[in-house]
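Chain lettering (A, B, C and D) follows the sequence in which the chains are written, and residue indices restart at 1 in each chain.
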């Protein structure tokens, strides 16, 4: 039987979540997230993020969350600054452009953009004599962890925030995999929810890839920053009739810090795999400290490994190598990690 | 304690569905609906609808399904014909216009449009000397049951289909509450899934309002009629990473005809409430044969009833009356129906 | 040879305009309307409209002007209120929807909407329990003259303005044929440019249908009301490289009150035709006081007349009648009007 | 008095064009380009391009033409491939994204893209395992001359055409400055209109920058390739009521080969300026063979020159240099060229 390390969305939900949903299943709730459970979940998020006035909304997916936030914040003549590798740039099938906005890509390093590059982009626009004929930078999109599993440090985040607010360009953080950054097992991380709430204008707390059945929380630290977001969510087809289900998921996530803990085992296992790879001399193309591991294989290694392990194909850097992604999740089991490490050791 | 007859999306899922999700919760599935469960669910739908070549996709909500289908079928110079009361016309926050398309409203009766009105609209466009300056009718949207709970008969549906195909205007049926039409307890209904598959170009089989946690199945009887729908779903932010969850729901729905049966108790209870209303002389503003009941109350009746029963406010036809909606669902309980009927009887 | 009363855009420009363009033809101007002529033209408009701070932009067409203004003022969750007969509702090929916005049609009388109907629409939205699922009225569109040649009186306009501003819904007036209202020969008119500037948030002064080669002036009485409109104009493809041409047209229009005078002969002729029609008992379907005349003909009259006169087909109110539009313009000649009147007299 | 070499759209129209418009000014024409002059102009274009079945439409501007063509050809899940320097990429204020489409930028050299890079982009998409989550390349945009004044050779164009059609990706050529390529004075050019008609699916013949008051011709060699383009033009607000004006311009352009000749003097002068620059050792940053000249100046040279000559600022390659654009047009005069050359000689 094959091992599966393809992604962090292969399984359903953390057992605590499924239990909660079963408990409330036959209760009566008001529709579209106007129920008490969503209210509670919002309060828990506000408390954890130390953002007592924050607006909190739940939507069913990450691409949706990005499209809605960007489309709601930008004016028609504005675009969103993002890394060339940003999820919004390449892998959302043109969802941002569908909403009428350009993605203004800037250079990245390991999936991250710098305050300097953002400043250069905004200044470049301002100083261009023809900027009235160009798309105005109206927002900055970052992800934490990034698409490469890397993390902004507190210092980097503060600098980005400073530049953004100096230029009056809102900062948006996509936290689709935020649990894997917040876990205490991710030792390099020094960015917590309160800092995120302080530094950004909007951020999401990802559910789907962090042990929920589905759902992302959109958090707006300063209440009212996006007027009529409820209607925008509806217009984008993202308003779930049974919104209380997402409320229940996030209530469980934040009632007992499950969200902050959910990455623990995922990270412990990811770290073990990373060590095993290092020991055997596999090259990790990015120094990701979270639940995703990017490793370069020779084509032979790739073929041999593929027979036993399902992995995510990432890219072909040259004709003789293949980069794959290995991901752990809340549901990763120790025996599978042991088996993977044995195979990796044999394979080298 | 108050009774709740507000809507059919107050509770979670039919117990069979929740059980199934728990069973597969920790299995590994490929992402975005490319898994075997979705494949099985699709096959069951194809078999039930006698549409062996149909394309089947799952998306998370009804507004989304409508926007995606309409946006994928129409060309930019086309609009969608719909009843003035159609869900796409008034209650989707402009989701169709957000996609760039006009809703071309035509007169309705009890929520239904006729083949004659469709023909009149299309002919009106064709014969208008300035039609090159106008939005071309490019699709017809109907819902079954309609927003008023009413149903198209087999004859009406065939006529609509004939007109649509004579004019090369695809016919799309929104089946958000289809279960309540298909149940054998809905005795006036003579339209089954195979007939729908025969008469329409696209239709949906609603999950959210029919006992699923969430999800709608988009069915395209003639495979390939909408190319690249997968990418369009992604672009609209409607592609669920854990698509297998919706596959599981629909597998349960169609493995043992649960979907065809799920409306049974809802309809038995709705029919009982209708009879009680009739007996007491309450006026039902529309002769709905499905799970929604629209009843006109004097303002006094409305106030008094509201203290004991949560209902859906529908409209104020005049200063002294209020129309409310009562809805049953898979989760409606006999004791609540008994209590409601007692209250209704006392209230008159 | 046939007579032509089809429209007011059959000919080129008023001779004064063509002369001006010839004079400046080989001068050097800066591009995109940033030249001195445009500045002068703007100043003349500001002066005539007694709106010293107004922003003035020139775009090449009326549909464009409407789409740009509406798209720039509305937020994505808003739509524009318009008469069912409004140009934006039916005859702009979905240009407003292409920009993502719904046209919220309300009842009209002779092409006009009332303050009462606007209030009813906005209040209806506000009081609807589900208004968060609906498109918010975000702007009111009117035309002066309307599509039926009728005019809002000063009192009607003030009332509309009052309602709009009470509800914080901007009022936009499409003045594609404004010259035919402003001419002193249009005796019922009591609305001048300063009143329009006082009552509306945006209005246009039409060129194309009033004796310019092409071009519409967008006037925003309160400077800055629409930020970055220049870029929006560019984005809509409406920014003419040789913007100075439109500047030149409007400079001529407003240097010597040509615009206010241009409708004189058109109206004198239209009034003569109207009298002749009345005398012979032709029914005018709308009491238009401007340069458009809408007259009902029997089918026989229509056929016979059509052999000698090109008219605009308007509609078929029933099987035995046809409504046509006769339009005069700056270029209408006395001999043609005499000939038309003779034919109309013989034809009855 | 200052010299002006800023752009090719500072003046009005070639005298022949203005004369023609004056001649037909008071004639009666049918509206929206349905008149005989437009028909004649179309026929002349068809004949010159040896494309007897071509569809020909006139629209008022270049950004508009690009947006309409791209929006009409692409399906919602597709984007347009363009050079990073393509006009649609950076200087149309997001007009393509406003229509819902992504611009897929690929590397360029002197403003040109190669068949190889197009193939790489399309193959990259096809071979990407996740391409269903990505924007599909649906069209290739090139400009002739490019934004840098450079030209595709016949061989390069044929290769591009071959790749595009092998992959079923239509090829679109923006000919906003085509006259300056087609003139016999542009000696390196070996691409004529018939070859363009053979190699592309859509192309434009620019008017605005080539001596017309305004207007671009959209030519579709294979009739019917873009259905309902008329309505799309209207929807984009680009349908001029007095379309016959553009017909008249293009009739003059192509009746006596004026269009093919109009670049003659512009090129003779541009070539003289280029020689003078070379002789004095000024660096031209791109080897443009058309009417635009891109020259690198030291900041001192730039400042000194700016006092006497209006030029187009292009970019600052480093702190001590400035690149400017000098453009000639149909209206450039010999005495101004002589004066410019003297100044350039003195300045070095």
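Here, a contact is a pair of C-beta atoms (placed from the backbone, for glycine too) under 8 Å apart; a residue touches a chain by one contact, two chains touch by 3 or more.
Note that the structure is a prediction, hence the values are computed from the model and not measured.
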Each chain counted as touching chain A and chain B at once: C, D
Identity of the chain that, by mean CA position, is farthest from chain C: A
Proportion of interface numbers common to chain B and chain C (over half same, under half different): same
Of B-D and A-D, whichever chain pair has more C-beta contact pairs: A-D
Approximate Å spacing (C-alpha centroids) for the pair chain C, chain D: 33
Rounded Å distance, chain A centre to chain D centre (Cα mean): 42
Centre-to-centre distance between chain D and chain B (centres being mean Cα positions), rounded to whole Å: 50
Interface hub residues of chain C, defined as touching at least two other chains: 76-77, 92-94, 98, 100, 132-134, 231-232, 234-235, 239
Touch list for chain D against partner chain C, complex: 4, 6-7, 9-13, 15, 18, 21-22, 24-31, 60-68, 92-95, 98-99, 208-209, 213-214, 231-232, 234-242, 245, 310, 331
Touching residues (chain side chain A, partner chain C) in the complex: 71-72, 75-77, 100, 132-134, 136, 227-228, 230-232, 234-235, 239
Touch list for chain B against partner chain C, complex: 76-77, 79, 90-94, 97-98, 100-103, 129-130, 132-135, 313
